[in-house]
Amino acid sequence: MDYYLNLINTIGIHTLLGLSAYLLILTGQVSMAQAGFFGIGAYTAAIFTVIFEWNILSAIGAAMLVSGGVAFLVGFPALRVRGLMLVVATVAFSEFARMFFYNLKWRVVRDGAEIGPDGTMGFAEIRYFNDNGWLNWEVTIFLWIFVAVVMALIWWADKTRIGAVLRAVGEDELAADSTGINVTVVKVAAMTAGGVVAGLAGSLYAHQVTDLDHHTFTVLLATFAIAYPILGGLSNVFGTLIAVVFIQGLLIEGLRFLGDWRMLLFGALIIVAMNIKPLGLFDNQTIRVLRNALGVKRQGNSV
Amino acid sequence: MLEINALSKNFGGIKAVENLDLQVQSGEIVGLIGPNGSGKSTLVNVVCGVLKPTSGDVIFEGRSMAGQAPSTRLRHGIARTFQNIRLFGGLTVWQNLWVARNSPKDIRSQSIVRRWLGSSAVLKREIETMLEFSNLADKADVLASNLAFGEQRRLELARAVAAKPRLLLLDEPAAGMNQTEVAELEQRIRRLREQGITILLVEHVMQLVMGVTDRIAVLNFGSKIAEGTPNDIQENTAVQEAYLGHSDEV
Amino acid sequence: MEDFWYEFVEVTQTITDGLLFGSTYALIGIGFTLIFGAMGKLNMAYAAAALGGAYAGLAGFVLIKAPLVLVFGISAVAAAVLGYAIYFACFRFIPVNNHLAALMASVGGLFFIDEVVVHVTRGSPLTFPSMFGDVYFEIGPYGIRGDLVFVFVIGLISTGILLYILFKTRLGLATRAVAQQDVAARLCGIGVHSTNSVTFAIAGVLGGIAGAMTAAAVGVLSPVMTVPLTIKGIIVAVIGGLGSIPGAIIAGLFIGGFENVFLYFRGIDERDMYVVAVLFLFLVFRPNGLFGTAITRD
């Protein structure tokens, strides 16, 4: 039972991660920064519950503020790079965040034991749920309430002018600019919102696994984050959820029996998938937005 | 209203626009013609803020537009359509007009929140009016990419006019149209003028240019080679030479 | 005063060592930039192929006691073969304007190669023979490691040969033509796919040499080197300006030197953070790198 609850929790957290990337891809920004925001949210929330002994909701709120704030700051330089370079820049950011936490050492003594992030040893003993008597299924419900709320919010926003504006920017930035949309505001807002959601995902993750290791917050995680909305399509939020269920549920859990060979197959699968149906997995809108987002214009660079 | 002073735009070694002077008075419909490659589209892009001029100035209603982004210029009152239609294909007709900027008057009459959500009654009425004007009322929920070509052009025009601009730059709006459609477009442009919009029309289709403009400027190789009324231009030998071989007389 | 002089010597020594080692980054950066210049795409599997080649070279050393030159040669050839395989699997059949699919496919290639290496070596690091490891030049207060000089010289020679090929042979001419205008090149009868494969192979040769160089300088080959090397290679290519070989060279040396300085002042854990921060700064203030041409607004 616990095994399945864990899986459901993972699906929930990854859905939030995917939704954070979804918001960004809608505006044409293919961002690998979600892993960084996720990590920031995780460590911040954990620090608040463990070191400052806040309650979980306040800690999550603080984490969302911090990761949102960082995302806001990242949003501006992100405007200056497009396409593949944005991918590189956001990878750089996520790596920076990861290495920052790898070096973060903030140990305090509580009840005779040392707690807090311990640099290269990670951040263990995030025991809020255990210490406060939460049962496993209660954690799952708690987590999924957040997921449901975020999905509902995005779903609703998509039906208002906000959604249309986001998509307009993703479709054609120049036309959007010429039609009076303030592209800067839209893109930075999307990055900030993405940061907030990823931070939320991270803070939930930290308390669910009770033990943070920098190896989690890598480019691989960021790749998953953008893979979900791309595979699930940009029409609506449910696509992302389905993609998460598919990848986490079917592929990862299903291939668990392969043990060590799993990564090998995974790599080969990606290559095969990209070759066979490089566009077929995506719906029209996704293709159009991605083409716009990643089309590289080379201006006669000499080799 | 619009002053283009000594404007030049170079792309590397290519002088797309060279030392151009042009004025457009309020209420006019000015035509801009010239053979392919004469710099017309470049000029439009510079005036609208898509391209930065290499030298020279664009002054609108007494204010220099240097360094202003297209959306800022729209706020000041300059709108444009695109030569190769740039609608938001994944959005419906309604949504295309929804995301476009409202006129300043409409903006002031809505609260910020309602504006962002796009739920104000004022906005809805505006969009419905524009759909009527463009004969697209029954296509409100059709994806822009699924529209017929003529409908797309009408939507593009409607979107540009949504912000109630004072100056409208039309970049080859009649390209690919048949005679009936061109006549309809002519009517629409006249109605826009009646609503108080000044128009700069870049076009190849002579039927439209000669029929609707007050004044025409002719470009060739980035410079102005002639300027005058449609009659003057038709009889101008320099213009005829520039167009030698070009047959678009309808 | 004594202390200052001492510190000064230490720092310049560090920078020099870093510069010499930076030649490995320069080669990897050239490889990334070559492929980007030719196809407009980032090959995420490049460094993995380079290290794969180094493993092959090591195999040569271990199995048949190959002499140094042969080890490098095997690394180069193996990496070239791997490079071609990556081209075939991840770039050949994917439509040219689908950058994301190619990127993801090459990421898949990265995972795949890494996992194969892990399985074959059972994940443990292997010692790589270091060349001239016991040679040590002393010039005044400075000591220069012979193996680093060797690595640097190999880098110089390889770059020289590469430039010769690119600018003085028909093959190089075809490569540059495809890089600039592939449609026109096709119309002139230049086979784009064969030229691109050759580009990948040439980049592969460079990569194999760079991989062997890195392993020789560090003394160890391990699969955990792949991702950091990939990231450093991309950083170097980007900072130098994508598509620019001189840029990659200078950026490679620069990063090598900088990295060592960071290492000296802040230790190994924080070192990589600063390198990444340098990349970020460049992307924000000079997104086209040192020698990339400016991308004008649409």
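So that you can tell them apart, the chains are marked A, B and C in the order they are listed, and the count of residues begins at 1 in each.
By our rule, contacts are C-beta pairs under 8 Å (C-beta built on N, C-alpha and C of every residue); 3 or more make two chains touch, one makes a residue touch a chain.
Treat the numbers as computed from the prediction; the structure is a model and nothing was measured.
Novice: Going by the contact definition above, tell me which chain pair has the most C-beta pairs touching.
Specialist: Top of the contact-pair ranking: A-C.
Novice: What's the farthest chain from subunit C if centres are computed as the mean of the Cα atoms?
Specialist: Centroid comparison gives B as the farthest chain from subunit C.
Novice: By C-alpha centroids, what is the most central chain here?
Specialist: Ranked by how close its C-alpha centre lies to the overall one, first comes A.
Novice: Taking the mean of the CA coordinates per chain, how far is subunit A from subunit C in Å?
Specialist: 30
Novice: Using mean C-alpha positions as chain centres, tell me how far subunit A is from subunit B in Å, no decimals.
Specialist: Roughly 42 Å, centre to centre.
Novice: With chain centres defined as C-alpha means, what is the inter-centre distance between subunit B and subunit C in Å?
Specialist: One centre to the other, that is 50 Å.
Novice: Would you pick out the residues of subunit B that each touch at least 2 other chains?
Specialist: 50
Novice: Which residues of subunit C are in contact with two or more other chains?
Specialist: Counting only residues that touch two or more other chains, subunit C contributes 298.
Novice: Indicate the residues of subunit A shared as contacts by at least two other chains.
Specialist: 174
Novice: Write out the stretch or stretches of subunit C touching subunit A in their complex.
Specialist: Residues in contact with subunit A: 34, 37-38, 40-42, 89-90, 93-95, 97-105, 107-116, 119, 166, 175-176, 179-180, 227, 231, 234-235, 238, 241-245, 269-270, 272-273, 276-277, 279-280, 283-284, 287, 292-296, 298.
Novice: Report the residues of subunit A in contact with subunit B in the complex, numbered from low to high.
Specialist: 160-162, 164-165, 167-168, 171-172, 174-183, 284-285, 288-289
Novice: In the complex of these two chains, what residues of subunit A are touching subunit C?
Specialist: Touch list, subunit A to subunit C: 30, 77, 80-81, 83-85, 87-89, 91-93, 95-96, 99-100, 102-103, 119-120, 174, 219, 223, 227, 230, 260-261, 263-264, 266-271, 274-275, 278-279, 290-291, 294-303.
Novice: Can you list the residues on subunit B that touch subunit A in the complex?
Specialist: 48, 50, 69-71, 74-75, 79-80, 82, 86-91, 95-96, 98-101, 115-119, 159-160, 162-163
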